[in-house]
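Data block below; observations after.
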Amino acid sequence: MTRILWINPVGTDEFDGPIRGYLIKHAAPGTEVDVVSFERGPHHLEYSVYEALVAADILRTVRRAEEQGYDAAVIGCFYDPFLYEARELSGMVVTAPAESSMALAMSLGTSFSIVVGRTKWVPQMRENVQRYGMSERLVSFESVDMGVLEFQREPRETEKRIVQAARRAVEKGAEVIILGCTIEFGFYRQVQEEVGVPVVDAVLAPFKHAEFLAEVRKRTGISHSRKGRFEPSPESEWLEWGIRV
Amino acid sequence: MTRILWINPVGTDEFDGPIRGYLIKHAAPGTEVDVVSFERGPHHLEYSVYEALVAADILRTVRRAEEQGYDAAVIGCFYDPFLYEARELSGMVVTAPAESSMALAMSLGTSFSIVVGRTKWVPQMRENVQRYGMSERLVSFESVDMGVLEFQREPRETEKRIVQAARRAVEKGAEVIILGCTIEFGFYRQVQEEVGVPVVDAVLAPFKHAEFLAEVRKRTGISHSRKGRFEPSPESEWLEWGIRV
Amino acid sequence: MTRILWINPVGTDEFDGPIRGYLIKHAAPGTEVDVVSFERGPHHLEYSVYEALVAADILRTVRRAEEQGYDAAVIGCFYDPFLYEARELSGMVVTAPAESSMALAMSLGTSFSIVVGRTKWVPQMRENVQRYGMSERLVSFESVDMGVLEFQREPRETEKRIVQAARRAVEKGAEVIILGCTIEFGFYRQVQEEVGVPVVDAVLAPFKHAEFLAEVRKRTGISHSRKGRFEPSPESEWLEWGIRV
Amino acid sequence: MTRILWINPVGTDEFDGPIRGYLIKHAAPGTEVDVVSFERGPHHLEYSVYEALVAADILRTVRRAEEQGYDAAVIGCFYDPFLYEARELSGMVVTAPAESSMALAMSLGTSFSIVVGRTKWVPQMRENVQRYGMSERLVSFESVDMGVLEFQREPRETEKRIVQAARRAVEKGAEVIILGCTIEFGFYRQVQEEVGVPVVDAVLAPFKHAEFLAEVRKRTGISHSRKGRFEPSPESEWLEWGIRV
Amino acid sequence: MTRILWINPVGTDEFDGPIRGYLIKHAAPGTEVDVVSFERGPHHLEYSVYEALVAADILRTVRRAEEQGYDAAVIGCFYDPFLYEARELSGMVVTAPAESSMALAMSLGTSFSIVVGRTKWVPQMRENVQRYGMSERLVSFESVDMGVLEFQREPRETEKRIVQAARRAVEKGAEVIILGCTIEFGFYRQVQEEVGVPVVDAVLAPFKHAEFLAEVRKRTGISHSRKGRFEPSPESEWLEWGIRV
Amino acid sequence: MTRILWINPVGTDEFDGPIRGYLIKHAAPGTEVDVVSFERGPHHLEYSVYEALVAADILRTVRRAEEQGYDAAVIGCFYDPFLYEARELSGMVVTAPAESSMALAMSLGTSFSIVVGRTKWVPQMRENVQRYGMSERLVSFESVDMGVLEFQREPRETEKRIVQAARRAVEKGAEVIILGCTIEFGFYRQVQEEVGVPVVDAVLAPFKHAEFLAEVRKRTGISHSRKGRFEPSPESEWLEWGIRV
């Protein structure tokens, strides 16, 4: 059995239920899923200040998950907030949407576009594309001009705009479409049918990727490096300075 | 059930048995594995002319696999010979060691080195690293100065040299080691223990990746793009010109 | 005297005569030209599977050419199929259109665009542009939406579309236009006159480049490296495994 | 008058006094300096988890500084933690050591090396070098194998090792040396004298840069963009969700 | 006191007065400014041949300035003509518009566009963008289709076109606008107001940057490297060969 | 007949005779060669200030050559001084060592190293490597620690050091060696024999390249672009301002 914790890193539980149902529907046999969000904090992370404000909550939740025996945690925001910090903190598998989507897209085509909510998101996401080495493969960002909290409230409008954005991208040469927000979940199948290229769902990608990395770990013993970028801080310092997450 | 065909793209069946056993040992429940090689042709692909000579055999084998109902094929050479051609030819999942190893390494650390047999391999592999967008993350190639056919014949020497090469790489800052030849299979665990960073096995990486992509496809319907790079040629032309694989 | 073999790497001799005439018209004094194509196989190489299918024929033809005393061979397809493999195989000068066109364009301006037949060609050609180090200088690919076999059959329409494509490119800042298919031969002069920037013909570029490299070799003894990427495979292995081209 | 707040983003005031004295000594006429640190938290930020833990404290301090009428704040850690977040939050000038040091180095030479405490720091700093566009100019990271807290406690040893590291860098072609930690302050003059190339001090660079940006703003009205990456979040959301820093 | 010499590297003194007034208005207390131009030569440097023709005059003027005790010289053309040569020649601070504007823009946003007079300017300026490491941050060049000598003669038209160009750039995602010609001076404030993002003036940027570098030098002793790119030629050779500037 | 003018852009005729003999020996039938140098000026161009001082002389010589009916001019210094300016000035073929050597090396192997006299040369040559798009292919610069004027005076020592430098480069993976100074002429054959990879001579490369470009032009009418980077300045401005070269 593989236990995965999906973290909605926001101060609302509005999406916990729907995402839990969505994950269960797409889980491999033997995968068990939980979904959590935070007690307080911003309801979306469109601004990087909001991310900074949930930094401690994300790390705390990852650490708790590891203590409770989860095999993997998913940080459910397409900015991949504190993904590397979480891997520094924990030996458990941790994934996040942007990294997982691009890792998947790498085998689905030789180029991709990302459908974002607002143009505000683009510069920060571009940094992640560059960080993951995918700048050459990025065709474009396409905005649907909607906020995170609108996607599920107006699903018809959302789907219509995503289809239009995806079509613009395909016109420019994108072989794969990545939906650049977890709350765009559930639209990929219909969009895929309409535009005729694979569409990567930002919830399913890191979730299936977490299953995969957990399976690799279980079967082969390979897990993320604890030297260099993910070298853990010494517990002694935590004690000495009285810090904790 | 997931049926995967491992292709040893060489004219010797020397490695078919050992690799089959190795794969079975690391397979997920429900994965069924076959291994094939070719009737004739070079016994290794260290030279790119050798690759060209097995081009038709690789494509033929992929097409047959698809007709026979396999879910995925793995082209078992770290040069990833004709991987993109195979995806143009076939709608089935196809993976290969370099792409899969780098996709995996992307989540295991922020940098990696590749342990090769001979320096001759480096320029061509560097092209693949660049093609997959991973040039920034590549720390070095480290050669053990052994040919493909020597790895399994002198396992102690092989292991010793791989450990030395991996240590040089870690010294230079590599957070992950990738073994850059499928016939370096079976050494990763020991090397990992010795050098203290994750070591990616070039057989297990594309094999588990194939399982993963087949699982993603089965559960979500997402598979590789048939527009752009992987757009299939029209069957009508094959008929008109009397060509086939 | 310099003997050059132009290889039309396709299973039709439709273009052999016209290209031979074209080459003779543009040859330097003392250059002798032959043109060959294959007995069977695809009639164009728009798909990379088609390329793979002619791999062995290309290499065989290059080797025969060397045995027959040619000074140079040209692989006549803008994907440059198996150019590096041919240089690994043979000590003779071998050129191909994309490499030669970009090497020439390098001295004609600081940026260029490539006029392709279909958008399908773009991703693979982009890989070559990157491989040859010219990504920074590439302004755009411009498609005329015609297949290889249509170019010479509807020359007026072809010329009209190439002029339009070239104008779009110049508008975007291209200082040089490269015609991205050998079968676009013969149009460059007229296009050049219409758009006012140099237009590189994909037949003449590798042909004159082959003359140049043969002249350099004859006069200075400098020819391609036999270490690293083009290191030849040992004949002993060919014998042992019974392989040949 | 220009008021600048230097933030030591750590839970110790050990360096507040010395850095304040150091800044006063190098201030332009009319610059007034304050130095703060946090009440609790890690005593250094060598691990990125430590950074995440002070995220909220950094942003809170920046916001308070703006409310109190400071012209600029400096986030005093060479990882530049939450620099972009601070600029999203605040219209005030905010600088940080890595960005300021590289901006300065850009006019001092065409290449530079960064002297770090431990190799652990390298991957994250490399991300910043890439983010700021300076990868081509980076010659090397050179480690002195000392932790942040040791630099000022063993100044002779520190200086000796920095000189050695700088010499290695100059040997490799570095035209400028950047000291990659604020707590390496005070050594630059001596090192400069020893190795004969400019040495950028990670405290003075962002401090003088803050003076400069404040002067530019005062005299010309040019300050950082509030569109795109630094677009501020709407206050209405802060109120609605009850969040604050 | 800081003495700065602004060099208009052209054979007309048409802009000397206006630029002097402009600089004085934006100078820090204690900065003293002089402006010079050349006795003969081209009236603008839109063509790189014109630059070459003023090479000796620029270097001569820089050397005289140093002898006369200036703290800094500014080479007033956005191509940054002979900036590196001037730093090789002289130990004095030397700045130029493109370098200074990009160094400033680096802290004002994460992307920028450059408003040029003619498209002719673009390829050479693109080389400078790449040289300074800013290619990733460049969104676009936007042309107003006016020559250098027209900017100040038709200020209303100029301003209107710059606003239009800046708007196109912001639409494409530019967070900062750089005015890519010194003779576009004086428009930035109005443009900034109209388009809502910071606009960098190509006169003020290198002028304030020169003040900054002179202040850094005075207060800390850090000045440009005299090893590598800026290593000075030996005076003995000048004597031996009878050369001088 | 093809008339080529070799320009030694220095104030000494020391090398004019030897280079003329060298070129004649390697010329194609029908090529006629002249060699010129300047009446005064630096005797080598190791410093970029020296280059700036001969800017006007280079352009003047190119223009005279065109007026006198030469088909091509070669600017004989590996910094390629004012190559682009010369192409802006003149419609005649102009080549220079670095561009021509890299264009040639592109077809000789997939990587190269450049043997320089002093490390001082490296930063400026690196800029040219990047400008020509060859950064990915550059393995290393190797210094022989000799000045331009020493190469021919101590030929045995020179050859010995070049061989050593070339061996270091091959050890690092260079498939081709480029001699990074025209005054290293005459050594390539022996070095090639010693190290076993092609060695590009910085005199022969631009000379044969000039022959090639002149032949291409004569036979096809293709010559360098007069739009964009090489767009010529209007003669009317020269008249109006009284400038000339």
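Read from first to last, the chains carry the letters A, B, C, D, E and F; within each, the first residue is number 1.
Just so it is clear, a residue touches a chain if its C-beta (ideal position, glycine included) is under 8 Å from a C-beta of that chain, and two chains touch if they have at least 3 such contacts.
Computed from a prediction, not measured in an experiment: that's the story for all the values here.
Chemist: Counting C-beta pairs in contact, which chain pair has more, C-F or D-F?
Modeler: C-F
Chemist: Averaging each chain's C-alpha atoms to get its centre, pick out the one most distant from subunit B.
Modeler: It is E.
Chemist: So, comparing C-alpha centroids, which chain is the farthest one from subunit F?
Modeler: Between subunit F and the rest, the longest centre separation is with A.
Chemist: How many angstrom lie between the CA centroids of subunit A and subunit B, rounded to a whole number?
Modeler: 27
Chemist: For subunit B and subunit F, what's the span in angstrom between their mean Cα positions?
Modeler: One centre to the other, that is 44 Å.
Chemist: Between subunit B and subunit E, what is the gap in Å from one C-alpha centre to the other?
Modeler: 52
Chemist: Scan subunit A for residues touching two or more other chains and write them down.
Modeler: 84, 110-111, 119, 122-123, 127, 130, 135-136, 173, 175, 228-229
Chemist: Please list each pair of chains that are touching.
Modeler: A-B, A-C, A-D, A-E, B-C, B-D, B-F, C-E, C-F, D-E, D-F, E-F
Chemist: Provide the residue numbers of subunit D that touch subunit E in the complex, in ascending order.
Modeler: Against subunit E, subunit D makes touches at 26-28, 84, 95, 99-100, 103-104, 106-111, 132-137, 170, 173, 175-176, 188-189, 192, 196-201, 204, 208-209, 211-213, 215-216, 219-230.
Chemist: Flag every residue of subunit F that touches subunit E in the complex, lowest number first.
Modeler: By the definition above, subunit F touches subunit E via 11, 40-43, 46-53, 55-56, 58-59, 82, 84-85, 88-89, 119-120, 122-124, 127, 130-131, 228-229, 231-233, 237, 241-243, 245.
Chemist: Note which residues of subunit F are touching subunit B in the complex, please.
Modeler: 110-111, 136, 173, 175
Chemist: For subunit D, which residues count as touching subunit B in their complex?
Modeler: Subunit D reaches subunit B through residues 119, 122-123, 127, 130, 135.
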